[in-house]
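Consider the two complexes below, in which chain A is the common component and chain B and chain C are the respective partners.
And then the complex of A and B:
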């Protein structure tokens, strides 16, 4: 029986582990947190179907319980050495493992919106990120601003930390546009009186049902989409926010007061992926995400033979894409092990 | 508003400011606008802080205003700047202290250009050598004069005679800090605190007992934008910009405005008078304007310098409301008396005055 070590117990890691176990391999997952599921644990529901994130988490946990693979929680990989075609792995908890193949599934990190200083995240009272909003949805708490009132006017800012020279991220984070549409609809359902505006550069509705949801947001929920990037946000004396932008379709500058500003924080490769790149000796793209051998036919192959890649450590991905990429990683690992 | 968030930003943008031995380059316009400020700076640095600072009367304009007005070509301004560096090199100094924000932007832009395109540096060396026979070294440290006051703000606080505390209420004075656009908007890393939440003036205000006002149009241009005021027909834009800021800061009831730029205090000072004449609108208490100061003047007041010696009678918006709040005693009769006691002339209404 071949042994595969998977670094990361998020969606990609668990899905790969499950599929590889089904093919008869022995699998160990190394996860730095106490629980599996990664950032999905912080999410309320998923676009475009408003499926509760818990449903996916429950599925992952079921697989962990019912399938015969092991998980080392609160553990990180310290070193990896290759000898005689096998990998020797040492962990932060002094486990020593031998593996025939490794799958890197270290996921992503959310862009730290404080780096876009002009929006005042963590400075102004009522500037939050899409992840903060998702937590608010998850807790079910009332959404209030100054003096405990409901926000009357809300703005979303797309591409915070994506496609942005200043933050050094030239790539598109792919999921923010549809996340904004989803969250705007959820907000409108909770706060029917609120005016909601989305400031975008382009709307990239690439997936199944995304475009339809965008249309529904406009037609059914009266959400306004303005093509223009915010130049700055400032807090007023009553704690509302003055935002400045340009409506690039009408070619006019725009100034607006809002009660709540939501920043669509993008995805970054993050420290976990950078560490995996170093310990595994595999390369990164300019974006920081891990380099694949071929983006068409070998999107799960790293530069090192026997080390495979799964999920958003290779590029920003939706939950759906991550699951598919993880399953394809399992197939590739299985094929490679059988031919070696 | 969370102060911790700002502190994080401030920590991200700290710059190295030389400790001593400065070569000072004056502004070509500040001596007309606020004639005592540069002298006050030199007095503070030499007398209060005991630092070595020199200047050279052969230093000229950096020609930045001409450059931004598309009159002076880039090659020309590079060579002019190289000549200023040659004066510094000949004096045996390496640390440049710049009075003007426009010049500060120009010097940084040119030094960064030379880093990116070394061939430009070589070209300029040749041009300067051919034209003047001079050679130069690029400064090791480039600081705005305000950076130096910021660096030693606690030393100044330790010697202060007056605090930025309202003597009538015992509360901190509310001060608007206005940063010149070319201080850090061009190169955020060159300014203390970066471009979005600069700390250079805020640090001084806090150290001297005041409270900084963060108002919505804080980042907005003062109205000194070169294309607004250089072209006479555009000057309406200049007043409009200043007015936008005054309207935005008014609800916070500021006691004073302080700036680190040559043009900003000039326009925010003068346009208050113009707006009062045009619209009858004033933004300070009791029908008065909001006093507008340079940071040298503010430091000088804190250190107990005579406001009239610092040229504060040249302000168009009277500074007396601030002096009264700080508890500074002054002789109104000496406001327009020169050093020798001779009247320097009082402002008076020209034209019909109707």
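And then the complex of A and C:
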């Protein structure tokens, strides 16, 4: 029986583990947190169907319970050596594992919005990120600003830490546009009185039902989309925010006072993926995401034979894309093990 | 008086170069502004002239600045300059004594060993002859070093040396040949007439024993005179123009003349005073990204040759790091700026929409606060300043809280001087209308232009580092030292640009522990973000920044401190070290609340790296 070690117990890791177990292999997942599911645990609902994230988490946990693969929680990989075609892995808990193949599923990290200082995240009281908003949705708490009032005007800022040379990330994080549409609708449902504006560069409604949801946001929920990037925000004495931008469709500078500013923080490869790149000796793209050997036919293959990649450690991905990428990783690993 | 035809190449050359210099320097000085001319007239009979003479001896002859930087290089320059100068002086004294008159033609002194065939008999004559021999040896040692430097500049601790053009080459080879030829000619004459001294006499005898010296004498003196003449004729098209022009420059500088915003006589004198020593190449950070043809030495050369391209002119951060190293003390940044103003056409700069309106300020207002555009992109600095004003109970007017025109400095840096003037005038009127007597600026870029170009009589302009230090001295701010090891990055516009090095350090020392560094103050690095460079690529900027950061990281600080919003933004982007403005650190200390923007553990927890075989 072949043994496969999977680094990361998020959606990609668990989905790969489950599929590989089905093909009759012995699988161990190394997860640094106490529970599986990764960043999905922090999310309330998923676009474009408003499916509760819990539903996906429950499915993943069911798989963990019902299928015969093991999970090492609160564990990180320290070193990996290759000996006689096998990998010997040492973990932070001094476990020693032997594996025939490795799957890297270390995922992404949210862009730290403090690095875009001009938007005032953690400096002004009412600037939050899309992740903070999900957490607010999850707790179900009332959404209030100064003096406990409901925000009357809310703005979303797209591409915070994505497509931005100044923050060092040239790539598109792919999921933020539709996240903004989804979150704007959810906010409007909770706060029907609020005016909601989305400041975008382009709207990339690439997936199934995305474009329809965007249309609904405009027609049904009266959400305003303004093409323009925010230049800066400043806080007024009443803690509302003065934002400056340009409406690039009408070609005019624009100033607006909002009560709540929501930053759509992009995806970055993050420290976990950087560490995996080092321990596994596999290369990164300029963006920091892991390199695949071919973007069409070998999107799960790393530069090292026997080490495979799954999920958003290779590029920003939606939950949907991650599940598909993880399943294809399982197929590739299985095929490779049988031919070796 | 006796004469011989070989003196003519030298004499004609000397006549030519004398006339040329008198004319060209005359033209430059006559094109100075009236104010500058009156500076000369009022300065010429004052101690300023003595100071200039002293500087000429120390720098043009002794090359003290180069000595400080590199002893071998200093010796090379000194032996050539001082040695040659003394050869001329002592040679003339010798001739004056011999001919018993001060009116000795130059060639008589220069070719004395040819004309005076008898050995010197008096003691003073012997001493003079011996010193002439030793001086020549001194110069020859410099020539030898110069040849070595051409072959391998790294032997001299220089990473690079300048590339030469044809005029320079002719002058350089002529210069190298002058002294060996003089030595040979004098030795051969000594071999024939026994009129040599310490070194030339034995060399002459040696030569006479193996060579037909009689037939060699004339050709050698011809060659010596010819190379001298050649050198004089090549001088105007070579970098050696710096020898005479630098002396003029030192006088004018001591009279208080500075480079203006327009090209004029003085900026030309500066350009011609560049010796192209190439010392500025070593301090330039553009070399970190392999940009090696835009440095000051090349720009000055291209200005002289009238073939400067915008690509080279604008591919510079104007960080000024080359300036303190220049042995001639040229105003390298201002020279480049003057050129930028010249080569830039005014662009969309009517600014008609700027309306001054009324400035209504409460009479108790103590200071005007001008944050600047860059600081608006780093609101943590503004927030800190606002809180500090509140803590110190300072009543302030936040001049650019909502909308204000740019300070004008970025336009100025790219040569849009006329456009910048309009913004400056607009802001200036508002500042004066407020009636407030103190202006605090958070951005060194704004600070420099407001301080230098705004003309605000009676108003004290301060960068916030100095202002906060003042508040502290007046006991209006609490002292509360944080347990932080901090490295301070000098912003170019505040440090080299405005000469403010100590106030930020004194302030930081009160609130944190400052780690001294190798490359600080005048030698500090540029963050790479300078607005003055409109040609450089973002990735090149990042490389320049990372090179500087590598050095800072080596000191293992808890935090990088700076006093410029642009530097802060540039360094924050790299995500390698927490960075804060000095105002934020003061505010943190006051609030006892250290907020780190970056995860400190990132460097400490290093996972073992295995290299695969």
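As a working rule, the second predicted complex is superposed on the first by the 340 of 340 C-alpha atoms of A that agree within 3 Å, B and C clash if a C-alpha of one lies under 4 Å from a C-alpha of the other, contacts with A are read in each partner's own complex, and residues count from 1 in each chain.
What we mean here is this: a contact is a pair of C-beta atoms (placed from the backbone, for glycine too) under 8 Å apart; a residue touches a chain by one contact, two chains touch by 3 or more.
Keep in mind the model is a prediction, meaning the values are calculated, not measured.
Novice: Using the superposition on chain A, decide if chain B and chain C clash or fit.
Specialist: Clash: chain B and chain C overlap once superposed on chain A.
Novice: Check whether A:206 is in contact with chain B, with chain C, with both or with neither, and answer first, second, both or neither.
Specialist: A:206 sits against neither chain B nor chain C.
Novice: Compare chain B and chain C by how many residues of chain A each one touches, and report the one with more.
Specialist: C
Novice: Once chain A of both complexes is superposed, is A:117 in touch with chain B (first), chain C (second), both, or neither?
Specialist: Both partners, chain B and chain C.
Novice: Is A:26 touching anything from chain B or chain C once the two structures are fitted on A? First, second, both or neither.
Specialist: Touch partners of A:26: none, neither chain B nor chain C.
Novice: Pick one for A:336: touches chain B only (first), chain C only (second), both, or neither.
Specialist: Neither partner.
Novice: Regarding the shared-chain residue A:237, is it in contact with chain B (first), chain C (second), both, or neither?
Specialist: Only chain B is touched by A:237; chain C is not.
Novice: For A:125, using the defined touch cut-off, is the partner it touches chain B, chain C, both, or neither? Pick first, second, both or neither.
Specialist: first
Novice: Touch test for A:271: chain B only (first), chain C only (second), both, or neither?
Specialist: A:271: touches chain C, not chain B.
Novice: Can you give me the overlap between the chain B contact set and the chain C contact set on chain A?
Specialist: On chain A, the residues that contact chain B in one structure and chain C in the other are 114, 117-118, 120, 122-124, 232, 234-235, 242.
Novice: What does chain A use to touch chain B in their complex?
Specialist: Touching chain B: residues 114, 117-118, 120-125, 232, 234-237, 242 of chain A.
Novice: Name, in rising order, each residue of chain B that touches chain A in their complex.
Specialist: 1-2, 4-6, 8-9, 194-197, 214-219, 251-252
Novice: Name, in rising order, each residue of chain A that touches chain C in their complex.
Specialist: Listed in rising order, the residues of chain A that touch chain C are 78-82, 112, 114-115, 117-118, 120, 122-124, 165-168, 231-235, 242, 271, 275, 278-279, 281, 304.
Novice: Quick check: in the complex, which residue numbers of chain C touch chain A?
Specialist: Per the stated touch rule, the residues are 376-380, 382-383, 401-402, 538, 542, 568-569, 572-575, 595, 597-598, 602, 607-612.
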